[in-house]
Amino acid sequence: MSRIVVHGLEKTYGDARVLERVNVTAEAGEFLSLVGASGCGKSTFLRILLGQEQQSSGVVIVGDGPIVPEPTPQRGIVFQRYSVFPHLTAMQNLLLVEDFRSGGPFGRVFGARRRNARQEAEAMLARVGLAHARDLYPASLSGGMQQRLAIAQTLLGRPQILLLDEPFGALDPGIRAEMHDLLTELWTEHGMTVVMVTHDIGEAFKLGTRVLVFDKVRHDPQFPSAYGATITYDLRLDRKTRASSHHLAKVAAMVGTTRPDKTMATTAS
Amino acid sequence: MSRIVVHGLEKTYGDARVLERVNVTAEAGEFLSLVGASGCGKSTFLRILLGQEQQSSGVVIVGDGPIVPEPTPQRGIVFQRYSVFPHLTAMQNLLLVEDFRSGGPFGRVFGARRRNARQEAEAMLARVGLAHARDLYPASLSGGMQQRLAIAQTLLGRPQILLLDEPFGALDPGIRAEMHDLLTELWTEHGMTVVMVTHDIGEAFKLGTRVLVFDKVRHDPQFPSAYGATITYDLRLDRKTRASSHHLAKVAAMVGTTRPDKTMATTAS
Amino acid sequence: MLARGMGARDEVSDTGGEGTMRPSLPRPRVRLRMINAKVSRGGALFLGGLPFLFVAIAYLFASAQRLAVNPSDKLLPSPPQMWSAFLDLATVPDKRSGDLILWVDTYASLLRLLAGVGVATFAALSLGIAIGFIPRVRAFLLPFVTVVCVIPPLALLPILFIALGLGETAKITLIALGVAPVMVRDIANRVMELPAELVAKAQTLGGNSWTMILRLVLPQIMPRLITCVRLALGPAWLFLIAAEAIASTEGLGYRIFLVRRYLSMDVILPYVAWITLLAVITDWLLVRLSRAISPWAHPLEAR
Amino acid sequence: MLARGMGARDEVSDTGGEGTMRPSLPRPRVRLRMINAKVSRGGALFLGGLPFLFVAIAYLFASAQRLAVNPSDKLLPSPPQMWSAFLDLATVPDKRSGDLILWVDTYASLLRLLAGVGVATFAALSLGIAIGFIPRVRAFLLPFVTVVCVIPPLALLPILFIALGLGETAKITLIALGVAPVMVRDIANRVMELPAELVAKAQTLGGNSWTMILRLVLPQIMPRLITCVRLALGPAWLFLIAAEAIASTEGLGYRIFLVRRYLSMDVILPYVAWITLLAVITDWLLVRLSRAISPWAHPLEAR
Amino acid sequence: AAPKKDFKICWSIYVGWMPWGYLSDSGIMKKWAEKNGINVEITRINDYVESINQYTAGGFDGCSMTNMDALSIPAGGGVDTTALIIGDFSNGNDAVILKDKAALADIAGQKVNLVELSVSHYLLARALDTVKLAEKDITVVNTSDADMVAAYGTSDVTSVVTWNPLVSEIVAMPSAHKVFDSAQIPGEIIDLMVVNTETLKDNPALGKALVGAWYEVMELMTSDTPEGKAAKEEMAKASGTDLAGFDAQLASTAMFFDPAKAVEFTNGTELPKTMDLVRNFLFSHGILGTNATSVDVVGMSFADGSTLGDANNVKLRF
């Protein structure tokens, strides 16, 4: 139902090819960690899965059929640049989820349903550590707080497919760990399919059931944007590989070694 | 000259107290790493040092006298939400630095000076791995690329005091390491004072000469915003402490353990 | 370029106690960059009053000069002349109808203005959002609105009056037609400028076109709509005056038009001042409204 | 609510070869949410044409009906009547002056319009930026501009004449005074909306008030300024016509007012259409200009 | 047109038409309408041109206008129009005024501000004839009547042609010299109440009611009673002046207070001659309809049954 099949995906912007020959199949319930050099096209890939942008060619199947080329409640997203609704307080941002879900003519739920939604929202606010910021507008929240709010909002939507673009980048280690727990919990509970972009290889291995590396295989030094990135490494994690520092080091070494205008050799930090 | 003295700093927004009794003295050439829970006021502290916001009370001395309450070229900043000028291409964004510096009536430099600026900008673009994106507008850059551009721009400005707010959060490990090198290089070269906020404790220890932890010491469960955060830990790093995993674990444990609506114990990931 | 002595905000007393927003030490006497030098409340009042003062003085001077040459000059009457004419209109019942002319005029005009701008605002809101948000409606209506926007309504007055009669409908329609197209285009532009991410996100949360309009577009566009109305009020008064000049028996514009033939500036100028006062009050009320409806768009601490 | 058959963009051929932008498999026949259903070029042309078609048909119908009752009815002339009247004005030299009236009128009006809008644009740019960017100038001028914005310029015409005479200066001034205040306020608003971070950053890079205006504010405000001019053109035509109605010997507005004296809608309507055409062309040119000057504000792939 | 009961008449402010406002306000119209079993609604339209346009477009059954405008707008527009009441002719109400010059001949080479194609324009043409000048010897600047007084105050303006009450406003200024006025072409600028011929034919009651009410007011105005004075005072007030000012304007207006005088004027031989002058003026300025190929396109008929112009297209009847 929430299976994702991508075949021969290609994405170009004008002359520049960003993605090419991307093939990947994810079964329902998988947790894909995407890593890759900055600017290689990970966000673009997520935007295509979201339906916000359309592939230039190739097939994308989500669930039972070709992807609906628009965002739907089936797929939830946390953007790289945290985006919450600036005209609503933290609490209202979360209540909005139930309001939208109801689809009623007033775009708002009432009575018992609203009370339930409020309780749920309160609980979620507490879980992401924003209970005290309930009535603040996003403009008064710190970067990390906005990001947590965005995550909470998306999780409340209970999508079958969850798309996360560097969701924990702006969080301190303590809260990040809590958010990891929260995400894992909801993922086991609801069995959704997760696609997460991250730059933290440890995080990729800790949370994912599979780690995908995006990178360029072909290269034209004259015209760096002639070729796009594709999936160069696809590692299924079980309990053993997850713990293996060998794999971790391997992936870490892969990331950031094929920048188009690479001038020096790098190692992972 | 680029000394920073903060004494009894306090910052409130309406009723909410964000920072209180912050005291810190940094000699010229120090590299301060700031860590602390999300939403505790690190960005606010940087904004005050920048002069974009004013403290509610307390003294801030930068260089020889009280801080000029407006941003000046003396202090450079990289914002948490990467901000480059959307109407300029990557290259133009960098050239703008020399144009502004010249302060001429046309806001632009000409002739040999422009050629020099262009060379310098080219070099900087290559160093942050954006040479191929020279002529793209920020809207066409990925998150990480925009962030690198913002860093490059700020570094080109050669400030005496460099304020960095989670500058490397959106970068992949490879590029992040390169940027670490770049920053360290420029820092040793120009001897500027750096204040960097980060959530990566490793990074804080790797780059800083001193690690500061922001946290709340007083706490009112009824009204969490009654008390603000202050500096709870101030660690000077020499070659020995820098390597000490004991200190690192200690700081990691401190961060994220005093969230106002804390419900569970956390450990650093 | 800077008025000296205006940078005096650093002279705050240094007695500010604990918890006050003021710094507890005197601020350095620095000269801030022009764009950062904030203006105190008193300074703002003083500076803001200057241009008015200047105009007033220029008027008094010119008026005195003209009246010295020709004591019955009508173009620039002296303030007492204007005041007495205004007082007459405001307090002395008209001989024929027994009405207090100023108030009758004001009431009639404000009603028309309210109706006209109300209709235009409603059109701007509904059409603007539809055009800005729904590509098909945009394809359907934007070219038409763009073209209508540039047709000078005054040129089509005869058709308008014949189609709608000479009554209130025609006047209100003229005002609405006069200001609506610009408002529609402006709102449509703003809706199109809404961040694509927010719209995508709303859809992933289950928003459909209608609920997104209700919960996302409408509240976000509200402050702009109010600004739009504020900007439209100027042209709206213009159209009101034009409409009243053609056919009506009361109204501020009617009165101005009536006495314009006789160059009765002693009536026209107070009327213009009165219109200005009414408009400024409306403007102020709209700003308050915007703050009340959309507190998020007006952060406490402005830059 | 959706026009059936308009969602046909999924019927692209599936022969698209390598490297083409089209998907190589036929897209699913899904019914997209209204806000996402894009309109093809042809569809846009068709939909956009509909309202015009509708108005044209309504006109033809009403005109035919009136002409059936009174064959020399002047209110809604038939298209051939209008065409011949228009052609006369465009190609037959005037008996009295020997001029080709249409072109003389157009030239005179466009010149005035250009001058008036040019002055207003310049004022909007300089004052708008100063008010929006420099708090002291804001305190000094914003109240005044706000008040001036709502003074109906037509009411003050007599004073304007006496001060400036009846010549071109007065007309250009009327146009400029009519459209500038709204533009100034709009630009000032936009400047105030510039992200505070960008301004702070520019200062850390050594920007002073002047260079920031040149390199940050001006280019960022440019697309808005052009939009502003586009929105102002409607009112500008209005003021042009009003100005030309007052005292002139040629101009599009002059002609319209002149022939209004004998209800020559067969001249007025083509003139209005001509004005509309000129305005639409100007609008289109301005959009092109905006794309040329500020490519960053018009990304290739619109949402 | 089928017989109907409700009629709409419009008028605009001018000294000769002020009685229309009075007879509507005072109830005289209502009285006469009821007497004839109909309703008549009288509307004042501030803008003279707009009132004629509204009448021509069919929005009103009757309207006050001058003989020239009656010929050019409704008649030229194919609306068969009957001059029901000839109220007065201008006898000094319209004038050519020069600034700092005392002789009409000095107008040569000047810019003349006037409402183009109005009776002022006609007056100017007639005035120029008397000093052997032609329109090409001067430059006509179209100036809106609402701004005429203000325009005269500017230094650009050296000569104007206009009507009352603007004439008296302008002449009151020290520099102004009246060099020609309508008293020198008496009977050529005629103020009428015109009604749609067809409506009138099908509803004679309308004519009776209007004429009855009009002449009742005429009688009232000439009577030396307090009521008469009050009536004139109200008209004065409505036209924005006082009794003295109104009387001054009346003095330069040849009102036909006596219906017999009006009939005599209508039957006179001068009227066709005047109308011939008028239609030639209109034709030469291209106002007799855009498809007018000769002065004869629009026909006029007179009280004695004679016609002028196309007898098959009679659109203006006296």
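Letters A, B, C, D and E mark the chains as written, and numbering starts fresh at 1 in each.
What we mean here is this: a residue touches a chain if its C-beta (ideal position, glycine included) is under 8 Å from a C-beta of that chain, and two chains touch if they have at least 3 such contacts.
These numbers come from a predicted model, not from an experiment.
A.B. asks: Using the touch definition up top, find the fewest steps from chain B to chain E.
C.D. replies: Tracing touching chains, the least step count from chain B to chain E comes to 2.
A.B. asks: For the chain pairs D-E and B-C, which is connected through the larger number of C-beta pairs in contact?
C.D. replies: Greater number of contacting C-beta pairs: D-E.
A.B. asks: Compute the distance, rounded to whole Å, between the mean C-alpha positions of chain C and chain E.
C.D. replies: So the centroids are 41 Å from each other.
A.B. asks: Centre to centre, by mean C-alpha position, how many angstrom separate chain A and chain C?
C.D. replies: Chain A and chain C have C-alpha centres separated by 46 Å.
A.B. asks: For chain A and chain D, let me know how many angstrom lie between their CA-based centres, rounded off.
C.D. replies: 44
A.B. asks: Measuring from the mean C-alpha position of chain C to the mean C-alpha position of chain D, what distance in angstrom results?
C.D. replies: Here chain C and chain D have centroids separated by 21 Å.
A.B. asks: Where does chain D touch two or more other chains at once, residue-wise?
C.D. replies: Residues 33, 36, 75, 158, 162, 196, 203, 208, 212, 260, 263.
A.B. asks: Among all residues of chain E, which ones touch two or more of the remaining chains?
C.D. replies: 53, 57, 147, 150, 153
A.B. asks: By residue number and range, which residues of chain A touch two or more other chains?
C.D. replies: In chain A, 13, 70, 81, 140 touch at least two other chains.
A.B. asks: By the document's touch rule, what are all the touching chain pairs in this structure?
C.D. replies: Listed in label order, the chain pairs in contact are A-B, A-C, A-D, B-C, B-D, C-D, C-E, D-E.
A.B. asks: What does chain C use to touch chain B in their complex?
C.D. replies: For this pair, the touching residues of chain C are 16, 18-25, 27-28, 30, 32-33, 36, 300-301.
A.B. asks: Report the residues of chain C in contact with chain A in the complex, numbered from low to high.
C.D. replies: 195-198, 200-208, 210-212, 214-216, 219-220, 294-297, 299
A.B. asks: Under the touch definition given earlier, write down the residues of chain A that touch chain B in their complex.
C.D. replies: So the residues of chain A in touch with chain B come to 13, 35-41, 43, 80-81, 126, 129-133, 140-145, 148, 166, 169-178, 180, 199, 201-203, 206, 224-225, 252, 255-257, 259-264, 266-269.
A.B. asks: Touching residues of chain E toward chain D in the complex: what are they?
C.D. replies: 49, 52-53, 56-57, 69, 72-73, 76-79, 113, 115-118, 135-136, 139-144, 147, 150-151, 153-157, 286-287, 289-291
A.B. asks: Inside the complex, what are the residues of chain B that reach chain D?
C.D. replies: Against chain D, chain B makes touches at 50, 52, 70-73, 75-77, 79, 81, 83, 85-88, 96-97, 99-101, 103-108, 137-140, 153-154, 157, 159.
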